[in-house]
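Heads up, there are several structures right after this.
Okay, so subunit A shows up in both of these, paired with subunit B first and subunit C after.
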Partner chain A sequence: MQFWLPTVFLVAIYRGQKSDAAMMRAIMLLALLVAPASCQREERDLTGSVPEKPAAGIEQSVLHPGDGNNPAPARSKYEETAFDVAEGKRLFQWFNCSGCHFNGGGGIGPALMDDKWFYGSSIENIVATIKEGRPNGMPSFKGLVPEKEVWQLAAYVRSVGGFVAKDVAPSRNDDLNAAPAENRAPTPSPFNGKGP
Partner chain B sequence: MKDTSPPVTSGLRDTELDDATLDRLLKKTWETPKGLYGWLATVDHKAIGRRYIVTAFIFFLLAGLAAVAMRLQLAVPENQLVGPDLYNQLFTMHGTTMMFLFAVPIMEAFGVYLVPLMIGTRNIAFPRLNAFSYWVYLSGGIMLWVAFALNTGADAGWFSYVPLAGPEFGVGKRSDFWAQMVTFTEVAGLAVAVEIIATIFKQRAPGMSLDRIPIFVWSMLVTSFVILFAMPAVMIASTMLILDRLVGTHFFNPAEGGDALLWQHLFWFFGHPEVYIIFIPATGFVSAIIPTFVRRPMFGHLAIVLALISIGFLSFGLWVHHMFATGLPQLGESFFTASSMAIAIPSGLQIFCWIATIWGGRPIFKTPMLFVLGFIVTFVLGGLTGVMVASVPLDLQVHDTYFVVAHFHYVLVGGAVFPLLGAVHYWYPKVTGRMMGEQLGLWSFALIFIGFNATFFPMHILGLQGMPRRVYTYMPETGWAGTNLFVSLSSSLLVAGLILFAWNAVKSLKSGAAAGDNPWDAPTLEWATSSPPRSYNFSRIPVVSHREPLWAQRQFLDVVSGLRVDARELVSGTVADAAPQLREPSVDNSIWPFLSALAVGATFIGSIFTPWAVVWGGIPIAIGLIGWFWPKGNPEDEE
Partner chain C sequence: MIWTRYIDRRSFVPLLFALLFNSPVPAQQSGSPTSAAQTDVGNWVMPAKDYASTRFSELDEINSGNASKLQVAFTFSMGINRGQESAPIVVGNSLFVVTPYPNILYALDLTKPGAPVKWKYEPKTEASAQGVACCDTVNRGPVSGDGRIYFNTLDGHTIAVDAETGQEIWNVKLGDINIGETMTMAPLFAKGKVYVGNSGGEFGVRGWLQALDATSGKTLWKAWSTGPDKDVLIGPEFRPFYSMDQGQDLGVTSWPPDAWQHGGGNVWGWISYDPEFNAIYYGTGNPGPWNPDARPGDNKWTAGIFARDADTGAARWFYQWSPHDLYDHDGVNEQILLDLNWQGKPRKVLVRAERNGYVYVMDRITGEVLSATPFAAVNSSTAVDLKTGRLQMSPDKEPETGKVVRDICPAAPGAKDWNPTAYSPKTGYLYIPHNNLCMDFEGIEPNYIAGTPFVGANVAMKAGPGDGHRGEYTAWDISAGKEVWTINERFPVWSGTLATAGNVVFYGNMEGWFKALDAQTGELLWQYKTGSGIIGQPTTYRGPDGHQYVAILSGVGGWAGVVVANELDTRDRTAALGFVGAMQDLPTATTKGGMLYVFRLP
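Up next is the complex of A and B:
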C-alpha cells in the first residue's frame, strides 16, 4: 500500500522544471487527488520581477468606491502566497509605510486594520492606491517601488485587514509585539453590506 | 467491538498436552485472523515489527532519492537542475526522514521484532500500544511526504533552527508540518521504548538473569531509556515552535523575553542522545553477529554491557558540542569538549572487545560478518573526525562545512547503516524462513563499502577547502567542481550497491534457500524456534541456564509448563533473576489502537492549521481510548 509514495516523490522532483506544462498539470491533478487544498500558499517565486498585470480600468477608477456594478475581482495569487505576504510585511517597514499608517492602526494615514476602505479593499484597489496615490496625503509610488513589491505590499495590507486566509497571513515577528499578529486578526464584518 | 474469546474460568494448561495438540491450541489462541480486519487489528509483535522495518526502509529509499537529487544538482557548478527553494526542501526532507522516519524507527523495529524472541516470551509488553505506535508513526511519515509533494516540504534543515524556522522567517506551513511530524514520531518512539523496557524487565524466560541477557537486548534496553529521557525535550521544543508560529507565543522571541538559543539547547539535548539511540542498537547488532561468525562467546561481555550503559549516560552530557559556534562561555565549551572526548572511551572499549573476539575466534566471512568488518573500519574513521570536531578551535573552522557532513555520514552510515544491513542479512532467515543470496550479498557489500568511502571521504577535503553545507550550488572559481563531480559519480556506486541489496532481499523472499531453525548455528534464543516464528513464538517457554543457551544445550532446551493454552498468557518474572512470579495475561487483537491512532493523527494534522483542533480532536481521541480500555469482562487478575 505504500507504493504510491515513491511516485509522489518523483513527481515532486519534476515539479522544479517549470517549463514542462503537461507535467505541471499532471502534478496539479495529483495534488488535487492527494489533498483537496491547493498549495499556492507555499509558492516562492524567487525570480525577481514577474508583475501581475492589474485588471484594465482599475487605474482610471473614480475616487468613490465601487458603485455596485463592478464585478468582484478574482483573488490575486499574491494574497494567496504566504511568501509574498511575508515579503510585503518586511517591505511595509522598509518603505516606511508605518511612518503614516503605523502598524496598521492608523495615525497620520488611515487605519488599515479596520473595515473602512475609502478607495476599495480589493488588492487591485490597494495596488492602485499605492501606485497612483490618493488625495489628502497618500503619495504616488509609481516608478519608485518595483511592480512586484507593490503587489506584495498590497497583499500584506489585505492581511492587516484580515482579508487573507489565516494559513497564509504572516505570524508574529521576533520583535516587540503590540498587537496580535496578522494570522490571528479577526476577519472584518462586511462594510455597508458589501463584502471585502 | 466484539469480544470473541468467551470468559474462561478454569483454563486448560499446557502441562499434559502432547506437542501436536499444544501447537494446535496455541495457534487457535494466538493467530492473527486473515483479512483486512485482522491486518489492522493485529497486536503480534512480529507482524508489527515486520511492518515497521518495511516502512522504515521505504522512507530510507525516499530519503535516498532526495540525496540522489542533491548530488545531481551539485555535480557541476551553477547547475540549474534544482532551484534553491526545492533544494532547501530536499536536504531537509533527506535529513528529517533519515533521522526521524528511518534510523530511529528501524532500530526500534528490530527491537520490537527480536527482543521478545531473544528473551523467550510470546509477545511484547503492551501489545496494543505497540500497534498504536506503528499507526502513529506511519501517519506522521505519510503526512510529511504528502506535504512535500504539495510543495509544503520542511525547508529549515533537519534541526529547524529558529529564527529561520520561526514565525517571522519560516513562512507558510512548512515548518509546522515538520514540527508535527516530530510529535508523531516521538509519540511512537516513546511508546515503543516503554514496551521494550517492560518486556525486558518482566518477561524474560525463567533463568535469564541480568548476566545472561544477550548484548543486543541490553543495547535495546539502554536505547529505550535514552529515548525515554531524550525525546520529551524535542517534543516540548517542537510544541513550543508550533505555538510560537500558530498562536504567537514568545518562547523563542528574545525581544519579548524568550530565547532563540533555547531551541538549540532543547533540540540538541534530544539530538545528541538521538545519535546514540541510533548507534547503541547498531552496536547490539554487531555484538550479536560477531560471536556467531567467529564461533566463540563475546570477549569481555561484562565490559561491553557496562560500556553500553555508560554510553547511555554520557550521551546526555555532550549536546553543547553542536553549539560551539554560538558564543558560549569558555568554561562550558571546555567542559563539553572533555565530555565529547570521554565518550570515545566506552566506544573504544567496545571496539577492542570486538577485535579481541574476532582475534580469538575462527571468523567465517559471510555477508553479515563483512558488514561488521566494514562497520569497524568506517566507524573508526568517523570516530577520529569526531574527536577532531570535538575540539573547539577546529570546530569553529569547519562548522557548517562539508567536513561535518563527511563526519556524521561516517558515524551514521558507518556506525549504524552498515551494522543494520549486516543485521538484515543475519536475521532475514529468521523473519522469512529463507536465506539471502550470498553472492549478491558479497557484491552489494563491496559496492556499498567502496561507494560509501568514495562518496564521503572527499567531502572531508571539500569541507577543509571551505565548501559550506546546504548550498544549492557553487561558483566554478571556487575550485570545488572536480571533487564534487567525483563525489556525485561515486554516489552512483553506493546507490547501485543499495539497489543490489534491495533486489537480493526481494528476490530471496521467493527463491532463497530454505533456512531451517538455526542456519548460522547462533547461540541466542530467537534461533530456538521455527523460521519464521509461529504466532506464539515458542510452544513451551524455554528455561535459560547459560549466556549462550543454544550452544550450552545443543540437544534440547529445558522448558517451563503450566501456561494456559486457551487464553493468551506469558511468564512474568523478577527483574534481576528472572525467577518466575506470575502467569501474566496478554491482550487479544483489537481494532481500537488503529482507530485511536487515526484520531490522534487527525488531531495533530488539524492543529497545524488551528489550535481548536486540539479541543475538538479530543473527542474522537477520547472515544478511541474508551473503546480501547473498555473492560472486556475477562477474569484477567485471577492469579
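Up next is the complex of A and C:
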C-alpha cells in the first residue's frame, strides 16, 4: 500500500505540470516527502510482553454443539514482525524442532508446510502444542522454552505454513537449500482446512 | 510347551551345525531325532531363521520349477498403517506377528481355514514414544524360545508372553523415552537368555545390549557401547585383532570430554550366536551426533562389531567398521556365521554386507578382516586397509560444519541398511537387498537437549549412479568376492530376503511387488502385487497340512518409506533426515498399508 500512494500523487502532479523542470521539482519534492515515510519500520516490542490470555481460546474442534459458532482466532503481533518470525526460525533450529520437522517437510513429526493441521493452525493452537505437547509424540516444551520464544516459534511455524505475509516471512537460507523458502510458501486458501 | 523346548535345546543346535559345516559335519554325529529335526526345519522360530542368521530354509516343496504357480493362502490385516518391518515367525501350529507401534502381538491358528486369530496381546505402549522414534514407528519382530514369545515395544519394554495362551509372563521396562530411548529390534533368544538392545542414535542415547533371564526378565548383564571399560564389559578376555581397537578405556578417551555419554552406538540391529564358541556377535550403531566435527576421535565403540561371551557378556574382540563415522553409517547389520573354505583353508568366518558399502569376511574367532569388497557405489572411502583394518576415507567427501559436501556415496542409510541378507549353502551366494543412494551433507551446530534429536546435519539424498534406480537386489559370490547378478529396483530394497533349498529366493519392493527369483540365475519366477510397499522380512514354514508356505508383511514405511507412512511433504528434500530427497515419487507409487500375506502352491 505504501508504494501505491506516492505513485498516485506522482501521476496527479505530472498532469498539472508543463515543463520537464517542473516535473523534476515535483519528483524531488515527492522524494523528500516519501523518504521519511519509508524509514517507518515495523514496530518491535522490546518488552518481551506476551498475550496474557489467548483471545479466542484454543479450540481443537470446529464442532460447536448448540450454536455452531466458531470464534475467529486472533492474529498475534508476533506473526506480523519479521524480527519475531526470524527469531522463531533461529529457535526452531536451536530447540531441535528441526530434528523432527526438518525444514517443514516433517519426519518424526508431521509436515508443517502442508495444509494438514491435526491440532489447529491458529497461533494459539500452535503455542499450546509447543507448551503442552500432544499425545502422539509432540513433547511438552513447557519450562524449557521461555514464553516469548514460544510465541516467536509459533509465529515461525505459521510462516512455514504460508500464513504469514510474504514481507514478514524469512527468505532463502544460507544453508543447504533443499526446500522452498518460507516466503515462497503458497498462501493457504480459506477453504482448504488450513484456517486463517 | 515341552516340545518347543525340546526342539530348541536338543535338535536346533545340531541342525545349525549341519547347516554350517558343509563338508564333514561333526555336530551331526551327536545325532538328532529325524522327526524333531524335520519339525524344526518346518518352523521359523526367529527372524534370522537360525543362530547363524542364514535366513535359509531347507524346505523345497516350492522350487524354481513350480514357484510361478504360487497363490494367496490367507491374509491378515495388521490394523496399523505404519511401516511393517516385522518378520512373521512360526512355531508348530501358530504364526506370531507384531505390529508397528502400538506393538500388538497376534497369534494366528494355522490349523484352521484362513488362520484366524488365536490370541492377541496388547502391551499398551506409551503413545508419546512415537515422538522419539527416528525412522518410523517400526518393530523388527518377535522371537520364540522355551514356550514363550519375546518382543520389544517402542516405549522400551521387553515382554515375554506365553506362546500357547497369550498371557503375559513378564514385562520389564529397560528404556526411557524421556532421553529419546526406544526399542525396535527383534530380540535374540539363546541358552535361556533374551538379548536386547536399544535404539536412539539420532537422540544422543548411549547404546547398550542386555542379557535377560528368559524365565524372569531379570537383567543378567548389561554391556554399554561407550564409556569406561568396566561399563563396556571389557576385561582380560578382550583381544581385538587390530591395534586401533587396543588400549584402555577407549570408550572414554576416543571422545571429547564426556561426549561418550551422548555418543550413541545403539544396538538396534541383529545378533548372531555361535554355540561352538559360546559367543554372540552384534554391531553398534552410529556415534551421535551425526556432525563429526562435534566429536573428534575414533568414537569407540560405535559403528563396529563386538564378539562377547554369551554367558557373561565379557568382550572377546571388537572391530570398528567406521572409526569416527562421518555419515551415520551404523554398524548394526546382520552377520552370517559360516564355515568356509577360504583361500584353500577351512575358516570360521562371519560375513557382513555393511552399511559403508563393503562385504566383509572376517575370522569370527580372532576378529581379523579377511576381505572387504565394495558391493555398491562407494566414493566416501577408497578401501579397507587389511594391515591396519582401517577404512580409508576420501578427504574430499569429508563433511564440515557450515559447508555442503555434495554427492557422497553411499548415503546415510548406507549401501545396505537393517534389512537382512540371506545365504544359501546350495549356491554359496549371499543375497543382498540394498540401496543405490548418494547424498548432499551439511554439518550444522548440534545442540543436546535430552529427548530431542541430536543430529547436527542437513541432508538431502538422491539416486546413486545409473538410471535413477535407488534399489538393487544382488547375488554375491562370497568366495570369489564378486557380484553374480543384480536386479535394479526403482526404490531402495528395504525388505529382507530369504533363500530356500528349492533354489528360490524371495524379496519385496516398495511398490508392493513380492517376488520369487531363481536363486542361481536371478530369473523372475513369480511376482504378486500386495496392497502397499513391502519393507518386511519374508519367512517360510511348513504348515500343519504338511505343505510349504511363504509369509510377508506388506505396509510401506521405515526410514525409506516414512514419507508415505507419516504423510511428509515432498517439497522439503531434507525431510526425514534427508531421505525424502530420494523418495519424492514414492507417494505416487504406493499408499499406506498393513497386511500379512501368506502364499502356497495350489
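Brief remarks follow.
As a working rule, the second predicted complex is superposed on the first by the 125 of 196 C-alpha atoms of A that agree within 3 Å, B and C clash if a C-alpha of one lies under 4 Å from a C-alpha of the other, contacts with A are read in each partner's own complex, and residues count from 1 in each chain.
Convention: a residue touches a chain if its C-beta (ideal position, glycine included) is under 8 Å from a C-beta of that chain, and two chains touch if they have at least 3 such contacts.
All values reported here derive from a predicted model rather than from experimental measurement.
Between subunit B and subunit C, it is B that contacts the larger number of residues in subunit A. By the document's definition of touching, of the two partners only subunit C reaches A:Gly137; subunit B does not.
Using the contact criterion defined above for the overlaid structures, shared-chain residue A:Ile108 touches subunit C, although it does not reach subunit B. Touch criterion met: A:Ala178 reaches subunit C, while subunit B stays clear of it. Look at A:Pro146: by the touch rule set out above, it reaches neither subunit B nor subunit C. Comparing the two complexes, residues 175-176, 180 of subunit A contact subunit B in one case and subunit C in the other.
Remark: subunit B residues 54-55, 58, 61-62, 65-66, 69, 81-86, 142, 145-146, 148-153, 162-163, 166-168, 171-174, 244-248, 250, 252-256, 260, 609-610 touch subunit A in the complex. For subunit A in complex with subunit B, the touching residues are 2, 5-6, 8-13, 15-16, 30-31, 34-35, 37, 39, 41-44, 46, 82-83, 85-86, 166-168, 170-177, 180-181, 183-184. Chain contact summary for the complex, subunit A toward subunit C: residues 93-96, 99-100, 102-111, 113-114, 116, 133, 135-139, 144, 175-176, 178-180.
Chain contact summary for the complex, subunit C toward subunit A: residues 127-134, 202, 404, 440, 442, 444, 447, 449, 451-455, 458, 460, 562, 566-578, 580-581.
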